[in-house]
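One chain, chain A, links the two complexes that follow: it is found with chain B in the first and with chain C in the second.
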Partner chain A sequence: MYWRTIPQRYKMIGQKCKKCGAINFPPKGVCKYCQTSSEFEEIQLSGRGKVHTFVLISAGGAPPEFAEQEKAGGQYPVAIVQLEEGPKVIGQIADVDPKEVKIDMPVKAELRKIYTEEEVIRYGFKFVPG
Partner chain B sequence: MKKVAIVGAGQSRYGDFPDKGIKELFFEAYKDMKASVDKGLDPKAIESAYIGNLGSGGFQLGNMSALVTEYCGLTHINTMRIENACASGGYALVAAVMDVMSGTHKAVLAGGVEKMTDVSGVKQKYWLGVSGDTEYERLAGTTFSGLYALIAQRHMHDFGTKREHLSMVAVKNHKNGAQNPKAQFQREITLEQAIKGPIVASPLNLFDCCSTTDGASAVLVCDAEIAKQYTDTPVYVAGFGTASDFLAIHDRPDTTTLEGTRRAGEMAYKMSGLTPKDIQLAEVHDCFTIAELLAYEDLGFCEKGKAGPFIEQGHTQIGGDKPVNASGGLKSKGHPIGSTGTGMAYEMFNQLRGSVQKPTRQIKGAEIGLIHNVGGSGGTVAVTIMRR
Partner chain C sequence: MAIGISGYSAYIPRLRIKKEDYAKAWGSFSAAGVAEKSVMGFDEDVLTAAAKVSKRALESVPMAPDKVTRFAFASTSPPYFEKLLSGTVLYSVGMPNSAFSSDHTTSTRAGTEAMIAGFEHISANQTGMAVVVAADAPSASMWDSVEHALGAGAAAFVLSADNLVAELEGHASYASEYFGERFRPRGNPYLHDLNVKKYAEGSLITNTTRAANALLKSLNRKPEEYQHVVIQQPDARVPTTVASRLGFTDAQLASSLVSKSLGDLGAASVPVALAAALDVAKVGDQIMVISYGSGAGSDALSFKVVSDRKAPVKVQAEMDRKEYIDYVKYLKIKGAIV
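Up next, the complex of A and B:
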C-alpha cells in the first residue's frame, strides 16, 4: 500500500482543480472543494507551511510500527500542517524539541525515513522547523 | 411509512471475559433482551437481524452475523453484519429501523458485539488504528488517541478549553459508571487523578481515553402497530440521522467540528420535529473526553466553543438540566466497538421506561432522549432520538 502514494510522499505532487483552481493534497477522485470536477493538473507543492495543530505521541499512543521510535525519543510530534498553497496535511515534525512545537510555527517538508516494516525502510516527507 | 417502536433491550456485562467468545457474549445480550420483553417474545417472530461489528480482531470477518444469530436459535432469518467502525452498532439500529419502516419485516433485531481482548496488545493496535484515513493518518504515526489529541489541541487553542474541562468529562462518567452494574470500570476517580494521568498522546492522558472491551447488546425493534403485543410501555423511534465526513481530519475545513455529527443530528431533529432544547438526556460517543465536548457543540446542546464552560457549570451531570452519559459512557461503561451503539439504545430504553438497574442513576420522568454514535474520528455518525 505504501508505494502507491510515493508521488505524494517523495515529491509532494498535488492536484490543481481545472474548474475551481483549488489545490487538493493528498489527491482525490473528485475535487474536495467544488465536488464537481475530476480534471486536474499536477503541481509541485513547495512543502512550506505552518503548524495548524499537533500532538505529542507517547507510550500507548504509538502504532506498533512506530513503537521503537517512541521508545527511542520518549515522545514524537505529529502535526497537521497548513501548506502555503492551501491544503492541510498530516505529518511528523523532526529535528525539534517536542516542547518547542507550537501552533502557527513555520515548517518545511524534507524527505526522511518514516519507519521500517518487514526489513524494508519506508521514506516520505516529515516537516522540520523553518 | 411504518412507525417504529423498541419493545425490548439487553446488554451483556462489559469488560474482559477470556472465557467468552462473540457467540457467548451475543447470546448473553440476546437472553437479557428476551427477558426484558414484558409480555414475552416468541423468537420465531424475529424475521431479520442487523449486527454491528468491527471485526473482533480479524478472527471472524466473514458471515459473523449468521454465526451469532444461529447460536441464539435464529437460524434462516435475514441477517447481515454492519460495519462502520465504532458506529457499527448505531448503524445496525438504523438499518433495523429502516427495515421496519419499509414494511419489509415487522420484528427486527438490532445488535452488536465485539471481542477485543483475544489478541495481543500489538495485534490489537494494528487492528484498531485502521478506521481513519490509514494511508496518511496511520502512516504519520498516529492511532485514535493521537487523532483526537489533534482536535483537542486546536479546540484548546481556538476556544480556551482547559485541561480541567477534559478531565471533568472523565470524572463525571466514572461517577455514573460506578452506579452501573454492567460497566467495565465501576469506580469513581478524582479530578486530580484525571488531570495527572500518564500521557498517551498529549494533550490526552490515560483518563481521557476509553478502554478496550468485550461485550454485546441487542434491542428488539418492531412495527409500532404491534408494539402493544409485547409491552404496554414501548419506546418509540422519533427520528434518526446518519452522515459521513472526510475520514482524514486534515481534509476537513473545520478541525474542531464533527460535521458528520452536526448533519446526522440535524436530520434526526428534523425527522422528529424536535430541537436540541427538547432533548432531556443523551448518550454520546465519548471515546475520548474531547469527543464528548465536541458532541455538546455539534448536537446543539451548547454554542460552538462553549463545551468547556458547559460541563463546568454542571449541565450534563445527573441532576443537571441535560444529563449526558448517565450509563458511564464509553469511558467507564466500556467501548466494545460494534456493541456501543446498540448498548446506548439499551441504556436509553431503560432510562425512558424508568427501569434502570440502579435507581441512583435513573433520570426521573425523562420522555425524550438522544443517542449518538461516532465511527473513527467522525468519518461516520449515527444519531437516533427516542421518546416514551
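Up next, the complex of A and C:
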C-alpha cells in the first residue's frame, strides 16, 4: 500500500540492521545483507548519491503510469543510484537534459510527483543533479 | 526583542518560455515588460517546490528543523481544493508534526499573509521558530490573455528572534471589497478576469497605497529613506505604477524586479522578489515590501538588514539556470491539450 511507503518515498527513511549494521533501502522485512535479522533501527538517509548506471525511457517504453510524463516532457532518465550510505536504489533523474546524465554523476533526492492514481497525487523522491 | 528573518531561499523551476513564442502562437503577448517566464516541470507542483525551497531555507540557518513551531504555506494554485497542503510539505521536510501549520490560498496576497502569520507567532512565542513558504504556478485558459504573464517560483523564510538577517520593523494591512479582477469561481480550475482595467487599477492603487502609507506613517518614515522597495508583480509595469504613486523610484525597485524574466509568480511574487532584494542588500539597508491580492487586499512590511549572511542559492543564479521550451511543449506540460 502506498501510504505505508510514505516515510521512504517522502523523506528517505531507511533501516539499519541491528545485527550486521548494514543499511537497507528501501526497507525490507529481513536484512538483505545478513539475511538473518528482522530487527532494524530507522535512520534518515542523506538523499545524496551517484549514478551507478541509467537508461533513457523513450516513446513507447514508459510503463502506463509514466506514459503521460513521457508524452508531455519527452525522453526521461531512470537510474540505479548508489546512495552514500551504501544501498543502490532505482529512481528517475529529474531537472536535467537527458543527454547530460553520466555514470558517477553526483545526485540528490528531492520530492516530485511520481504519478496520479484515483485522482490522488503520488509524491516521492526523484534524483536531481547536485 | 527584535524578531525578523533568520534565513531565506528561493527556487525557480528550470524551464522558460519567451514572449516571442507567445507572439508566434497568438500574434501578441499581453504581459507588459515580461521578456520570458518560468514554467514548472511536468512532475512538479507547488507542494514539491515548497518542499525544496523550505529545505533550502532551513539549511541556511544555524537552527535545526526539529525546532520549528509554526509552518505557513501560501499558494493560489494548490493541487487540491480540499485536503491539508502544509502537512505534505511539513512532513517531507522533517519539521515536527506538532508545529501549527496553516494554508493560505485565496489570493496573490497569500505570501505576505503567511509571513505575517509567522511573525505574529514569533511575537507571541519568542523562543519559537516559523517557516513560511510561498510557492505558486497559477493557471488560466490559454485563450485568456491573463494567462500570458503566469510564471512559477517559490521562496521560503525562517522567522525567529535569533540569528537575524533582516529585522521586522513593522507591518500594516488594508482589505476592502472589489470584484471582477482575477477570481476563480467555485469548481473552476482557471482564473478569470473581467478585464475592467481602470477599475482593477483603482483597487490596486487604493489597497497598496493605504497599507504602505499606514506603515510609513507608523514608522515615521519617508519613501526615500528606503534602499529597496518590493511590490507585487503581476507583470513588470504594475510595480512601477504603484512605486511612483507612493513616491518610490525605479532605482529602489530595481533589485527586486524579477517579473521581467520570471513572469507573474502569484502568491510567490513578493516573497521571491524579497529574496532577490535580500541577496544584494547591505547591512543597514531598509526594505519596504508591499503585496496585493485581488478581491482585494494588501500587506506592507518594513525590514532592516542586520547581517550580510545570504541565501545558499541566489535568485540571480536560479534565474540564470534555465532551459527554453517552445509553445507546444508548454501546452503539453501545462496539461492544456486534453
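The rule is simple: the second predicted complex is superposed on the first by the 130 of 130 C-alpha atoms of A that agree within 3 Å, B and C clash if a C-alpha of one lies under 4 Å from a C-alpha of the other, contacts with A are read in each partner's own complex, and residues count from 1 in each chain.
Here is the rule we use: a contact is a pair of C-beta atoms (placed from the backbone, for glycine too) under 8 Å apart; a residue touches a chain by one contact, two chains touch by 3 or more.
Note that the coordinates shown come from a computational prediction; the quantities given were computed from them, not determined experimentally.
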Overlaying on chain A: chain B and chain C, fit or clash?
fit
Touching partner for A:60 - first (chain B), second (chain C), both, neither:
first
Determine, under the contact definition given at the top, whether A:52 touches first (chain B), second (chain C), both, or neither.
first
Once the shared chain is lined up, is A:73 touching chain B (first), chain C (second), both, or neither of them?
second
Touching A:5, do we find chain B (first), chain C (second), both, or neither?
first
Determine, for the superposed model, which of the two partners chain B and chain C contacts more residues of chain A.
B
Kindly classify A:27 by the partners it touches after superposition: chain B alone (first), chain C alone (second), both, or neither?
neither
Partner chain(s) touched by A:94 [first = chain B, second = chain C, both, neither]:
second
Have a look at where A:114 lands relative to chain B and chain C in the superposition and call it first, second, both or neither.
both
Chain B and chain C, closest CA-CA distance after overlay, in Å?
12
Kindly list the residues of chain A that each of chain B and chain C touches, one partner per complex.
69, 92, 114
In the complex, chain B residues that touch chain A:
122, 125-126, 129, 134-143, 145-146, 149-151, 153-154, 157, 198-204, 206, 246, 248-251, 255
Please name which positions on chain A make contact with chain B in the complex.
1-2, 4-5, 26, 32, 52-64, 66, 69, 75-76, 78-80, 87-92, 103, 114-115, 122, 124
Hey, which residues of chain A end up touching chain C in the complex?
6, 10-11, 44, 68-69, 71-74, 92, 94-95, 97, 110-114, 121, 123, 126
In their shared complex, at which residues does chain C touch chain A?
14, 41-45, 47-48, 51-52, 55, 79, 88, 91-94, 323, 329, 332-333, 335
